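Paired with subunit B in one complex and with subunit C in the other, subunit A is shared by the two complexes that follow.
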Partner chain A sequence: MAKKWLSSFKGIPLLITLLWIVGFSAALFFAERSVTAFIGVLFSIIVIYYTNSQKNVKLLLGALVLLVIIPVVAGDNRYYMEVASQVGIYVAMALGLNIVVGFAGLLDMGYVAFFAAGAYAYAIFATSQANEFIPGDIFPLSGEWFWPFLIVGLIVAAIFGILLGLPVLRVKGDYLAIVTLGFGEIIRIIFNNLDKPINITNGPQGLTPIASPELFGIKMNTPFYFYFIVLVVIAFIVLANVRFEHSRLGRAWIAIREDELAAQSMGISLLNTKLTAFAIGASFAGVVGVIFAAKQTFVDPTSFTLMESIGILVMVILGGSGSIPGVVLGAAFVTVLQVQLLKEFSNFLHQLQSAGIIDLPNQLDPSKFQRFIFGLLLILVALYRPNGLIPAKRKKNDIDKIKNSDYNKEPQGILAKISQSK
Partner chain B sequence: MLLSILPQVLVDGLTLGFMYAVVALGYTMVYGILEFINFAHGEIFMVGAFVGTEVLLIADAMGSLEGMNPYFALILILVVAMAVTGALGVGIERVAYRPLRGAPRLIPLISAIGVSFLLQDLVRFTEAVARNEFYLNSPILFNGSVNLGIATIPQKALIVIVIAILMMMILSFFVNKTKWGIAMRAVAQDQSTASLMTINVDRVIMLTFLIGSSLGGATGVLFAQNYGTIDPYIGFILGLKAFTAAVLGGIGNLRGAMVGGVLLGLLESLAGAYMGPLTSGAFGAEYKDVFTFSILILVLLFKPEGLFGEAVKEKV
Partner chain C sequence: MAILEANGLTKRFGGLVANQDVTVKIEKGTITAVIGPNGAGKTTFFNMITGFYVPDEGDILLNGKSIKGLRPDQIAGRGITRTFQNIRLFKDMTALENVLVGIHTRLNAGILGILFNSKKVRQEEERARVEAYKLMEYVGIEHIANEKAGSLPYGLQRQLEIARALATNPEIILLDEPAAGMNPRETVEMTDFIRRLKRELDLTIILIEHDMKLVMGLSEYIHVLDYGRKIAEGTPDEIRNNPAVIEAYLGKSATEAS
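What follows is the complex of A and B.
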């Protein structure tokens, strides 16, 4: 019954989508502190995704919500923009991990190491830290250097990815998970202790103040600007994901994910293909790391713990590994849950506590229940929705179309030779 | 100076190593049968530590610990912890792993990671409700020590080593000589043939989880007795290292896990003590974990079958 209803479901009518967007935007505009309204506006992206209309219309609507409505309605509210840019940062990272876990099927549990590499790449040179090991008092670099450092972060993280990948990727399946986990911890311990013999990362004290990005003399130091920076990066990463998915490389990744032996016997080089997945996934995390460092103006090793890696993994798995809209949904859901819903809930409980209604021990604060929620989500997804909330769609090749395509009219390659010799 | 601390370092390493060895047995038994890394095994160890310590603390609060024979108290907490963790292991297998047995290999692993994090927070939650703190200081049953001249062996370390050896001996006997042990080895070799030989595979897997988990729980008790302070996160890193030990010895191989555990404990203890002085302070004891993980990575790269395992060819 439910299946029948689902198969006849063509999408949400455009009118309802429009009403949804207008309704929640107006609600947020007039009731500025309403969390429900803000989440409604964020959720409208999903509604648009399921709308029954043409792709261009949907893209236009999505762009309208992201570029116009959210900045106009919530732009003067620092907190909402902060949440929105955090959501963006995690969406971008989850899309990077999606290439490694979703497309290539390599369970990477140390992904945050690449994020850390990007963040430290910018942080070291955008604070006076680099003076410790580079002579000449030329650091910190000014905020204009943020833009080239997006590329530097990308390259540094990609190099990290290749260096880690070369030994690690010879290991298979569940071993890979453990080894990457180990490597993630190694990197964190190294960053934590690299204040001697040469002080490179300033150890547990971390690095601060990191220069905010500057463009044409405007100092971009509020979440409002980072929201747009993150949006541009996400657009780039989504585009890369979409383009990779059906490219030769992307199909090779999926083949490896499904069956390594079969893929290898079809002539796919295992190590190279896996290595590119690792490096590309890593490079996205590196770019996001640079943005993160600039946004926080402070980095220290505690931002790059195993919990972060697990969190990003939860986003990918929950949303549907290999599915781009799924991963975006998963990342948005988990981030909003973490940074907003749990915090609101714990603020609510704190209010009750200060009113003397309940007694709340510090350890029971809902915002500390990250592990519990991540754990529960992972188990539930594994048991009931192993393909995630929005499962990846397989692109189906239309056999008739291939048969009638221009390439098929003239016999080519070896077929041509055979038919000629006849 | 460097040599004079060597005996003490070896004693510490052995104590640690025997704990790794028993926890590694749990990983290796499950892997031998299901080819699946039971990620939550470290957390079962942690639950064992908490259960044992709680029993001691409650007995202490009721005033019955004072006159109790310490050996009796130790056996009591071992039995209680083993019973609870054994049941927990079987329950986890039933709820989170068995429904996924036919699924792609990564799915059970994801479920296991979930169980691991869930258990950490559940224990923290329970302790926070009960005691308003999430770490516990365990009463230590054995405070004496044996002085050998070159090194002092604390009594509690001796207890760890003796009990670990006892458990390993009982396990070897069980696996090699009893009917159930033979059934376990048969299932590890070939599940479908074993089931044709009228072995109840599901029950054997349950038994494996029961034994592996109760061994892990018992080690948790020993850990709490040896180090005194426990928190809900001790299981994670220790579990990883015990897994490293299992890989080092050859995963799926019981003798390998025992030798690998002791070897890893010794190596880690030596690294912790000597890395600092040997590199004149550049890389000190804070790189101890890095050292252990590097061993894991090196073994997986150059001898993935471990010290005692057999190389497996992939079947198509």
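What follows is the complex of A and C.
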């Protein structure tokens, strides 16, 4: 019965979507600090995704919510913008990991290492740290250098990806997971100890203050600005994901994920293809790392633990490995849960406690149940949505377009032999 | 000149000798069968030709040049392709995409080209899609172009696997039990189809098959393996009457009784 309803489900009517957006925006505008309203606005992106309407209308609505409604309605509330840009950072990272895990099927448990590489690439040069090993008192770099360093972070992380990939990609499956896990830890420990003999990372003390981005003399040091920076980067990463997914490269990744032997006998080089997946996935994490460093103005090795890698992996698997909308949803969902819902719930219980209504032992504080709830969520998803909240689906090809293509006139490949012999 | 030569191939797995001193010459544009009882080492032989196993001894020559030690993807690039005994499709992809993967080596799109969706990449993609679709038409399965490969019925999966193999533009195609699990009518269709491949596409075909009717009707030359050694070769008529072959298949008493 439910299945039948699902298959006849064409999408949410446009009117309901509009009502949803207007309703929650108004609610957020009038009832400031209403968590429900804020989450309602964030989830309007999902509602728009499922709306029964043309692609352009949906894109327009999505842009309206992200570029206008959220900044206007929540813009003067630092907290909401902070949450929104944090959601964005994780969405971007999860999309990068999606290329490695979702498309190429390489279980990478050390993904945060690339994030760290990007973050440190910027942090070292945007604080006075670089003076320690580069002569001439030219550091810290000014905030204008943030923009070129987005590219630097990308390249540094991609190089890390290739360096890691070369030895590691000879192993598969569970072994790959263990080896990458080890790699992630090694990178963190190196950053933790690279304060001697030459002080490069300043070790456990971390690096601060990292210069905030500057553009045309405007110092972008509030979450409001980072929200937009992150949006631009996500737009780029989503676009890259979409383009790759249905390209020669994306097909090769998925072919390797599905069946390595068959992929090889189609002429796909395992090592090259896996390396590109690793490098591209890593480079996205590198870019996000630069933004993270600039946003926090402080980095130290504790931001790049194994739990972070696992957290991002959970987002990918929860949302739907290999599915772009799924991964976005998964990342948003987990981050909101992590930084907002549990905290709010905690605060709420604490209020009740101080009012003397309930007696809450410290151990039962909901914000301490984060991992427990993660685990529970994963089990539920594994049981009821084994392919994630929004499972990956391959786009169907437009057969009519193929039939009407101009290339039909000249035979290609092996079939050219027929016309020759005739 | 022989298009493919295997000279004295030996492959050991620990104490087990899967192939011992197997020498096979394949002429261009022929249909050759490799037969033998279960466990005779036929698939091991295929795996050595296609680079999945590196032979311990011996050499493999393609058009007179050694391809021994090359990786499977390199060998595929040189024009040898294969299908698998237990069909190996990319199950989550559509049928058309499976064929597109076969065209992979002949496409040039790089990372930046894909990222910026350049005109060259778009044209290349369109041309590849047309080619893939035409190949599916050729095999007669274009109606399932947009179906998920893993959800296709068995017979169509076999055909799709062949279409995918053809997409690599091979000179030699190795078919590992192409008619396994097919009913008699499908087997006849498959036989006709393999003949058509040879005639129209100028392909050299090597196949492993257990269905003797198919083997005898289709192949021009047969090599027989038993316990990893080659025990006979010849035309179907010669093989049919070869005492060593009869013994391998039916036991020693069978030769004595005849």
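In this text, the second predicted complex is superposed on the first by the 394 of 422 C-alpha atoms of A that agree within 3 Å, B and C clash if a C-alpha of one lies under 4 Å from a C-alpha of the other, contacts with A are read in each partner's own complex, and residues count from 1 in each chain.
Definition applied: a residue touches a chain if its C-beta (ideal position, glycine included) is under 8 Å from a C-beta of that chain, and two chains touch if they have at least 3 such contacts.
In this text, all values refer to a predicted model and were calculated from it rather than measured experimentally.
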{"item": "Partner chain(s) touched by A:K55 [first = subunit B, second = subunit C, both, neither]", "value": "neither"}
{"item": "Which superposed partner A:K417 touches (first subunit B, second subunit C, both, neither)", "value": "second"}
{"item": "Which of subunit B and subunit C A:G173 touches, first, second, both or neither", "value": "first"}
{"item": "Which of subunit B and subunit C A:V381 touches, first, second, both or neither", "value": "first"}
{"item": "Touching partner for A:F183 - first (subunit B), second (subunit C), both, neither", "value": "first"}
{"item": "Touching partner for A:L249 - first (subunit B), second (subunit C), both, neither", "value": "second"}
{"item": "Which of subunit B and subunit C A:R371 touches, first, second, both or neither", "value": "first"}
{"item": "First (subunit B), second (subunit C), both or neither touched by A:L261", "value": "both"}
{"item": "Subunit B versus subunit C as contact partner of A:I310, first or second or both or neither", "value": "first"}
{"item": "Shared contact residues on subunit A - subunit B and subunit C", "value": "261"}
{"item": "Subunit A contact footprint on subunit B (complex, rising order)", "value": "36-37, 96, 99-100, 103-111, 113-122, 124-125, 127-129, 132-134, 240, 243, 247, 281-282, 286-287, 289-290, 293-294, 296-297, 300-301, 304, 314, 316"}
{"item": "Touching residues on subunit A, where the partner in the complex is subunit C", "value": "240, 243-244, 247-249, 251-252, 254-255, 258-259, 261-270, 276, 280, 392, 394, 396-397, 399, 402-403, 405, 407-408, 411-415, 417-418, 421"}
{"item": "Partner subunit B, residues of subunit A touching it in the complex", "value": "105, 107, 109, 167-168, 170-171, 173-175, 177-179, 181-183, 185-186, 189-190, 192-193, 196-197, 261, 310, 313, 317, 361-364, 369-372, 374-383, 386"}
{"item": "Parts of subunit C lying in touch with subunit A, wherever the complex brings them together", "value": "50-52, 71-74, 76-77, 81-82, 84, 88-94, 96-97, 100-107, 109, 111, 114-115, 117, 121, 124-131, 133-135, 138, 145-146, 148, 164-170, 200-202"}
